[in-house]
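Listed after this line are the structures, all set down as structure tokens.
Okay, so chain A shows up in both of these, paired with chain B first and chain C after.
Moving on to the complex of A and B:
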């Protein structure tokens, strides 16, 4: 019994539901025997990983589906020992270098280089090269990216890299110029609806269009999220009804309430209360970027356009600070305090104007 | 005794087996499709496109003059690494492997490595004759590729080594940003700047490659490819090859501008124009909605900033003062994005500035 997300994941390039032209192009790519380094980018839940697994299957056949987990010990130059989890088959190896934190450069140097330097054991195998899949490349440090550059060129005869990232802004130009970029856009509304309906049909359920639309709206074009919501709707009530409301994750509701309480009152006392709520969110492992985005969306709703611009500017400023520092809560709180200050001043000014 | 000798003789015969295999393997490797970037890397110094000064110096060195320590810098894809590798290959011929120490950012290059590996390599003296009797320069070359990612301590450790071993070793530093190399090192080297390649040169090269590889590309597509590559020949060649590969072999259609735009990750102009229009409407919600859509399409924010910058600078309806404000914001956002800030927030910040500026 697996989740629907995994159960209905397409297994080969020809079974993909959307971006079919791209799938065909990838097929052509595989057919020609040769293969460049790939940089697959797109928003989360758009199917980047699915495409990569399909591509690997197209390359090597069903052999790539025999996966094994390994943990590889790595020693950093300073003598620290790390264990890195890798998922590999006979033909490929998948690593998330950002697991190693600031030591990601060592992972790239040791692991990727080792994999790249060794030849394929079986010379009669279909391909001369192995594939190294690196996920979350956008959180790779600049040092590690530099380390990749020459490795990519030098061992091109034995190894191809597939880099997966959410955006190319953080990938240095030197890497971008060595890769074939594959953009995976999020599926649009109709595509999600038809995919969900197909899955429901196979489960022996009918999905009303109204409900499907609601799910799409709530999931923000994230197919994975849409699938999870759809399944939770099924658990909530079968058969599915039109009027049913897809459940939002609890933290989203919580975040909205937090924003509302900030709008309600601006005082040091309120700030203390908000702080408790923010801690609560952080302790549930909600990424700070998402908290910022959620707060901003709610907070600007009641402002005039000049004020909006000011608030957005502050949000962008403090969110950037988060990445420079190590403790996110300071910057979140600073943003809330700053907002309260701007907002209160604005309200007082408008009251004065009235008289 | 005889049999012993016989077995002894058999040794080399059986030893020939693997070497024969190796040859076969080598042949196979020859047939193996290689990336065009590697295939069309310049083999000799004379093949290098443009970059007159450096080529002249290296050519003189090939005909017997002394070679200074070199510092090659310039934007990516202008042929820095290719030039020095080609020169080294020409200088040393078969002994190429023994005479070159190539270290790049993927190797450990801390201060310890400079002290041990580089120093001991540079202390060995080299003879001035090749094994086949031809004369060759009596020095070795240490190539430090991507030298701008070396630590300052490691660079400092190089200083004295560089001077002491001039008799036996030349250093060649290759980097993108000369400002990241410490002053004492730059003053010890002859600096050569690699210019971004001119349009005609890239066209010439690309046309040559496409005729060699039987690729059909329309001249419009070629021009948009070059615009997007911005003087980076490697990027242009990679893109050309990617476009060619994405087409199936039986389908002999031309590579169109759309293919190029998709492969290069350039954002289609309609998105940029759309963004400007939405900002002019002065409605925050429309703007955020547009941004959401934009991010969902998977385009990169960094690329958007670049293209928007061009658009803003060229725009005639915006006053200079507002252009300055917008460009400042662009710079701030680009910097923050590079450090990993959220795309959505930075872009909304930028759009707010745009809205206010376009309104006035």
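Moving on to the complex of A and C:
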């Protein structure tokens, strides 16, 4: 058995459910034979990876589905040895360069070089280039991106890159201009509902529109999340009912509770407790940026309109510091303390105003 | 200058010049507690001509070596000291054809010196005594070699041996701790004498004796004033060797006058030269003073409970911030001064090498000493600033300055430290990093090809995967992963569906016990099944261990026959590290609310910390009284 999100993942470009024009364009691109580097970007859960997988299949046929996992040993200039996990078929290789941390530069260069230097065994009837798929280009360091720029040009005859990122803002212009940008927008509400309903039909269920709407809202148009929520709704109660509430992941509930406890009391003691909870979230591998975002969303939604701007500003300030510094919890805690401070002052002022 | 020359030229048996500083010669000149001295002398006299090991520890310069030397002299022992050879002696090696490494040489030393007496000593009633103060480096790396040699020595020894180790604040470089752990001390019947820092009275006596001696050498020598003696005592921190040295090196009036003269010749006015004189005197005693480096936890305590001498009115924090130790005197006139009892500059200076861990400790503990959230916000801000500044890539801000700013912020904003008994806890940062790593390794092995990034997998897919496929889970590691994933400490408002109860976990385990075929979450990638099957047996072991644990913990309805489990446990043993780690986690998770998993490793240390912190408080009180 597998999750619905995997089960109903389209396997070829013609089966894609939305952005069909784009799918056709990609098809034409493949037919044309002059395949450029691609930069696929769009929000999380919009189907970027699915689209790329379909595209690869269109390029190379079903042979591309035979995947194997390899760990490629790479030696950095400083002599450190790294093992990078790659997923590859005969025709393509996929890497998440953020695994390499600060050594992403040489990892990217090495891998592209390796892929480019080995030619296809049988060029007749096949493409004369291989594809390197780099996921999470957002987190690629600027250094690595510059290195990539040169490598891209050098091996263009034997190798194409497909870069996947959430937004182009962290991709340097030099790379953006060398790639064909493909934006995969998040599906809209109707699309998600129809996709979910179709999946439910295949499972022998009917999905009430009300529930579907709730799912869309909670998942923030993230199709992957929508699928997961839908399936969890099924487990919760079958047949699906209109009144059902989609379940949020445990950590989100926990984060919301944390935000509530920040609003509830503002004191060093409370901060201590909050810190414990933040540690708890961190130790569950929830990235600190996501914690920041979730916390801010909760806090802002609960506080007065006058405070919102100030709170968001503080959050932005400390989130930036997380990137600059090395110990995330310092900044997260400083933000919470600052918020408590602002909020407490506001509450006290409003109490004074009442009299 | 003249005095010094005279001193160095002079010779008297009481002050051996080759030692470069005045060492006491007779027992009553020792500045050490007489009980410790008698302890050593009784031990020595009872070990004449037979083997025995004595370990002497104490802070630097508290007279350990001096005591041993004096006592052995009075009991007519001949000291044979081990000096680690600097390098391999190739010349002799070539001549004799024997190359020895340090270990062999040390062994040789122990053997021959304890057996053969010195040919040049005529009297026969001199017993030999081996002294080791200098340890070959290899022993520090591999204590077991050293222990082996000790064992050898115990069997053949004909002379006692004394090991001298200096205490150190850091356990990792503490020789006594590394080389002589408790069990070794018991095994070889090692007597342990631990010295305390030299007391003030004793040190004063020693200083006066030294002064008198210096005067006897050169009549022109002016005895130092009581004030400067006090100052030396203060700065020496119980280090008598240092006190002696600084007394010897303390410039006399006329020496300073010479510098003064040089100053006068320049274009400067009189006022300035007065100032230079003052600072020179100052520096002579105080700034080249012994680094009064306190233990890490003492220092953290000083940051958490800042103390200052407030004169007159309340402290203005911006004034405090501007304050620097060096211009204290100048600022005093302009602002009603605040004087740190423990200046952040000094703390920052002495801990800049371990700034990271220092800040972590401060961060973990500062909240408890604060009373208002506003000041906490300010302190947290400066901590975060410190962290950023220390990691800044573009503009290189001095590491020390950023560290200074961070702890200064914490100190300044704490207007009235909340004084209560608080445990100093070590930071959870590293523990959390480890947990994160562990989790990602588990995830990587379980879902190697799942086509989403690890973050998404963690935050989106896995929480739902548990909900949707709980009944079909048949993989111990996955169960384990979920139990970690979904187990949040602290109160969470949950409904039944979301929380993993113990009975649910049991349900998983039961499902696993039936050993159905592995659920494959990556059905799209069928080629990948082989590696999973290979791991199957390992998982079986894991699961059985899991089951055992559970049975031990709570007597349950879960029954497995002993034989079955035993058989299978024998089967696989690999992949131990991961399983062990996983198991450790699991126990905690099952235990419930106790938040031990992070702190487990730390608990032991914490006990030490508490003890130390108490000490530090005492010290603080003492200091303020002084």
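Just so it is clear, the second predicted complex is superposed on the first by the 344 of 355 C-alpha atoms of A that agree within 3 Å, B and C clash if a C-alpha of one lies under 4 Å from a C-alpha of the other, contacts with A are read in each partner's own complex, and residues count from 1 in each chain.
Methods note: contacts are C-beta pairs under 8 Å (C-beta built on N, C-alpha and C of every residue); 3 or more make two chains touch, one makes a residue touch a chain.
Note that this is a predicted model, so its numbers are computed, not measured.
**Q** For the overlay on chain A, clash or fit between chain B and chain C?
**A** They fit side by side.
**Q** Could you tell me if A:341 is touching chain B, chain C, both of them or neither one (first, second, both, neither)?
**A** Touch status of A:341: second partner only.
**Q** After superposition on the shared chain, which partner residues are touched by A:216: those of chain B (first), chain C (second), both, or neither?
**A** neither
**Q** Under the stated touch criterion, which partner chain does A:140 make contact with: chain B (first), chain C (second), both, or neither?
**A** A:140 contacts neither chain B nor chain C.
**Q** I'd like to know which partner A:132 touches here: chain B for first, chain C for second, both or neither.
**A** A:132 contacts neither chain B nor chain C.
**Q** For A:13 in the superposed arrangement: first (chain B), second (chain C), both or neither?
**A** Neither chain B nor chain C is touched by A:13.
**Q** In the overlaid three-chain picture, which partner chain does A:324 touch, first (chain B) or second (chain C), both, or neither?
**A** So A:324 meets both chain B and chain C here.
**Q** Which partner does A:276 reach: the first (chain B), the second (chain C), both, or neither?
**A** second
**Q** Which value in Å is the smallest Cα separation between chain B and chain C when the structures are fitted on chain A?
**A** Least C-alpha distance: 12 Å.
**Q** From the superposed pair, tell me which chain A residues show up as contacts to chain B and also as contacts to chain C.
**A** 324
**Q** What does chain A use to touch chain B in their complex?
**A** Its residues touching chain B are 24-25, 28-29, 31-34, 36, 41-43, 46, 77, 108-109, 113, 128, 138-139, 143, 146-151, 153-154, 156-157, 167-170, 173-174, 176-181, 183-186, 220-221, 289, 292-293, 296-297, 300, 305-306, 308-309, 312-313, 315-316, 319-320, 323-324.
**Q** Across the complex, what residues on chain C touch chain A?
**A** It comes out as residues 359-360, 363, 367-368, 370-374, 376-377, 380-381, 383-384, 387-388, 390-392, 428-429, 431-432, 435-436, 439-440, 443-444, 448-449, 451-456, 458-461, 463-465, 467-470, 472, 484-486, 488-494, 497-498, 519-525, 527-528, 595, 598.
**Q** For chain A, which residues are in contact with chain C within the complex?
**A** The contact residues of chain A facing chain C are 1-6, 9, 44-45, 49, 53, 65-69, 85, 87, 96, 98, 135-136, 222, 224-225, 228-229, 231-232, 234-236, 247, 249-251, 253-254, 257, 266-269, 271-273, 275-277, 279-280, 282-287, 290, 318, 321, 324-327, 329-331, 333-334, 337-338, 340-341, 344.
**Q** For a test of understanding, state which residues of chain B touch chain A in their complex under the given definition.
**A** Interface residues on the chain B side: 29, 32-35, 37-38, 76-77, 104-108, 110, 145-146, 149, 176, 232, 234-235, 238, 241-242, 245-249, 262-265, 282, 284, 288, 292, 295-303, 333, 336-346, 348-349, 352-353, 355-356.
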